[in-house]
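Next come two complexes, and both contain subunit A; in the first it sits with subunit B, in the second with subunit C.
== the complex of A and B ==
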């Protein structure tokens, strides 16, 4: 039953941020496809397809930093309050095991983000299939996948940085984390990220338990 | 778990530093290699070499020329300048020069390494080849080749069933084996005429597909057994001598003539598609083929019958021999990049440094870390992995283990 309480506590912290971010994301995708629809009406479908296929225009490029913003928002909403008066210490006193409680919090945040991203992904794929054939939609998904992985990576990295007790190390982690995130955003032709996406997925998965390191330092009083 | 999370973070940091630090180093210290501009002179029967950075114009024997003298030896390239200065010859080798013929024969082709290893869209517009119009119109539909050829209307995103069936049947009847391996053509309406696409099918057979008056035109092109094409670049030259340059998996260069679909192999050696750029300048008298590698440039002049007239090769210091590369190899054991000059794909491109000079810095940093640990009176057995990381990953590992410190209570 303890996990339900942990989940409820996390929900109370992030709910408005999550709902607000998801709504903004939905509006962004809605706006994106309004521009596509407008383009089809005024420029013509064949010209929109042609610019996408041969002139390097990526209709989905306005989505580039939307997942990143989500990861940052949810991580700050979830972990920043824990550092005020070191409230996270209360979590460490739960009869769950320190890491288990922390991973439960983290999993809740990551799953919340995942649900939000799934809504975006589903909307993107669904609307795209209205206007574009499978090949173009697949290529688009290959191109936007690293951006969504960057959303998760930023969530994991911010948790790591916020829970780190020493400012000096927060700076170090921020430098590494900031540069690391750039690998998800290399300027690339549509579908060029195909060979890299599986590697980026593994690296993002590696980061999922990164906060255990700074949380350990936090609770052992490394400050 | 905390220790595992730390090692994963150290790994991420090493990867990040192996991308960023070399990138910053090259931004600060990389020197461009200025490749000479080489063309074959039909007047002088030798290559003329323009070194842009040095502002020199020479021939292969080292004879220096003024810019004007240089241009006069290349009348096909500097036609307008020579006409303006009144120094354009009336004839060359007994051939009277006609402006129309010169313009018609002039061509330029370029193939960069990264154009071969690049994502392809899989959808192409099939133009009407005999529309009777002087300007080509972009068609309303695009085709893809899977288990058949589908034409998809861009306005509705629906497959045009009748047209798809008609073209699929035409390809099938000519022996086309679905799906296609490569589809090559000029997908832009900004070309003088449409010649459709050259398609390699799943059995490595070559087909020419175009649309004439709304109907399919399919031609299977004969070529020697065992020949496989790695890349095909269709061209739209004014003289309409050939459809395309074709590059085999053995780095041979072929042309496919418009007159009778003859596949002609050019006697050009030294081209390696995976690490050479290619330029081909065509004119009334010659083709100059320029192969640019990392440490050399090779120029080959062909006559209009595609026979070699002359070759010239120039080499320069390998990048590895430059001082800044040697310093790099002493500082960094390797570099990782997400992009490459040889591909348009994003990958983790790992390049180990040449030589083993980096070992000295690695060992120095390892010794420094050892002394640092000794001064802190920690149990060394808990830090053996970190010492190993510095020994292998050098400066990247050293920074990574100090950013994510190994401070755990036993």
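== the complex of A and C ==
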């Protein structure tokens, strides 16, 4: 029953942000493939093929920061209300372990983001297969994967920053986190991130528990 | 009688600023104890330590025998906590917030919550953020009552409330606590409110505990004597019975635990001539100021 209540509260906080973000993401992907279709219709398949294969043009590059925006949006929607008037105290007072409560909240946010990303991924793969061969679609997915991992990383980092009780530390975390996120966005040829993706995945997974440190500092009485 | 709360040798500093050192107190089962003190004497610090939101520099507080730094979920379910300013999830409406909390407490009783809500002029779908401070206080109180905790910790419950809501809050709370044998630990800036609510008091100052006793005993033993000195140079501060002394020109307000005869005997023995000697009846607020001083 407790997990249902946790999910219920988190849903109330993020629902409109999640729905709005997902709709905007769907529109972005729709617009991306409208552009692709437009390219095929007006410049011809041969020309498109040439720019993609030999000139290195990445048709999916407009999606670069879409997952990042999602991570930021959901993290702020979920954790900012907890810091207003130190409302996180209410969560810590619930009859379940403090870390358990936070990790349940965090898991809900991450799963919500994942569902949204799965919709984008599905649309992207589906539409790509209409226009491009499988090899090209696979390479494109390898290229956009770090951006989606960056979406999760930004979610985890913003949670850490927002829950941190001291402004000085928030600033430090923001600077370090900002530099850290650039790892996911280094310019690279299509599919060049292939060997790095598993490492980035592990790194992102480690970040998922970073907010426990801010919560620990809050409970120690740092302010 | 069992102690629900027990704090031993509690010491805390913010940086180099001492809040208190070796503070000891306890709260017995079924009692309503008010923690009184001026600003900065450590009331909210104590509440934060009790709720595990602050680690004291040394010493410990136990609630139901558990260290408050590591309260188990089972013990937390036995404690109702009102945050200063009646903070709750203001993005929820009253139906949503009742549904949310009911999932956490096995003894959840929705009736007291809805009974209190029916007294407010709000709709079930009205967001808490759109309610007045008084209405929000009733929501927070209703949730605590529905939780049916054995111990209630209330941090400055009267903050932001108009007299009507303060009275409603206190009367409802006291009736509930006495009927159900609940223990309450509370702070408030408004001492008149405390007077209506509490059985026992704990008065702290920058030097530690000034008084821990029942309100009746304190009010019966702590006295104020007013008089006028014939010679305004007379120094009474060194008198052994003086707890506090307020002197304006030759008019004296003397606060003491001693009797009128002891005070008068001291004055006679030291050839201090006074006029208009009278014991002044005090309320709890007067006594609090008398004990702690105006500054």
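We take it that the second predicted complex is superposed on the first by the 223 of 223 C-alpha atoms of A that agree within 3 Å, B and C clash if a C-alpha of one lies under 4 Å from a C-alpha of the other, contacts with A are read in each partner's own complex, and residues count from 1 in each chain.
The rule is short, and it goes like this: contacts are C-beta pairs under 8 Å (C-beta built on N, C-alpha and C of every residue); 3 or more make two chains touch, one makes a residue touch a chain.
Owing to the predicted nature of the structure, the values given are computational and were not obtained by experimental measurement.
On the superposed subunit A, the two partners subunit B and subunit C both fit, without a clash. Taking the Cα centre of subunit A as vertex, the centres of subunit B and subunit C in the superposed model span 140°, given to the nearest 10.
In the superposition on chain A, A:99 contacts subunit B only, with no contact to subunit C. After overlaying the two complexes on the shared chain, residue contacts for A:79 are found with neither subunit B nor subunit C. In the superposition on chain A, contact is made by A:12 with subunit C only, not with subunit B. Contacts of A:212 after superposition: subunit B is touched, whereas subunit C is not reached. In the superposition on chain A, A:53 contacts subunit B only, with no contact to subunit C. Put subunit B and subunit C next to each other and count what each touches on subunit A; the higher total goes to B. Of the two partner chains, subunit B is the only one touched by A:172; subunit C is not.
In the superposed model, A:120 lies in contact with neither subunit B nor subunit C.
Touch criterion met: A:4 reaches subunit C, while subunit B stays clear of it.
Touch criterion met: A:220 reaches subunit B and subunit C at once. Here the smallest spacing between CA atoms of subunit B and those of subunit C, following superposition, is 7 Å. According to the touch criterion, the shared surface of subunit A, contacted by subunit B in one complex and subunit C in the other, consists of residues 220.
The part of subunit A that touches subunit C in the complex is made up of residues 1-2, 4-5, 8-9, 12-13, 81, 85-87, 89-90, 92-97, 218-221. By the touch rule above, subunit C contacts subunit A in their complex via residues 48, 51-55, 73-74, 76-77, 79, 81, 83, 85, 87-89, 91-92, 96, 99-105.
Within the complex formed with subunit B, the subunit A residues making contact are 40, 44-50, 53-54, 99, 129-133, 135-136, 139, 160, 169, 172-173, 175-176, 179-180, 183, 186, 188-196, 199, 203, 206-207, 209-213, 216-217, 220, 222. Those residues of subunit B that touch subunit A in the shared complex are 1-2, 4-6, 8-9, 11-13, 15-17, 19-20, 118-119, 121-125, 138-142, 144, 152-157, 187-188, 338-339, 344-348, 400, 403-405, 407-409.
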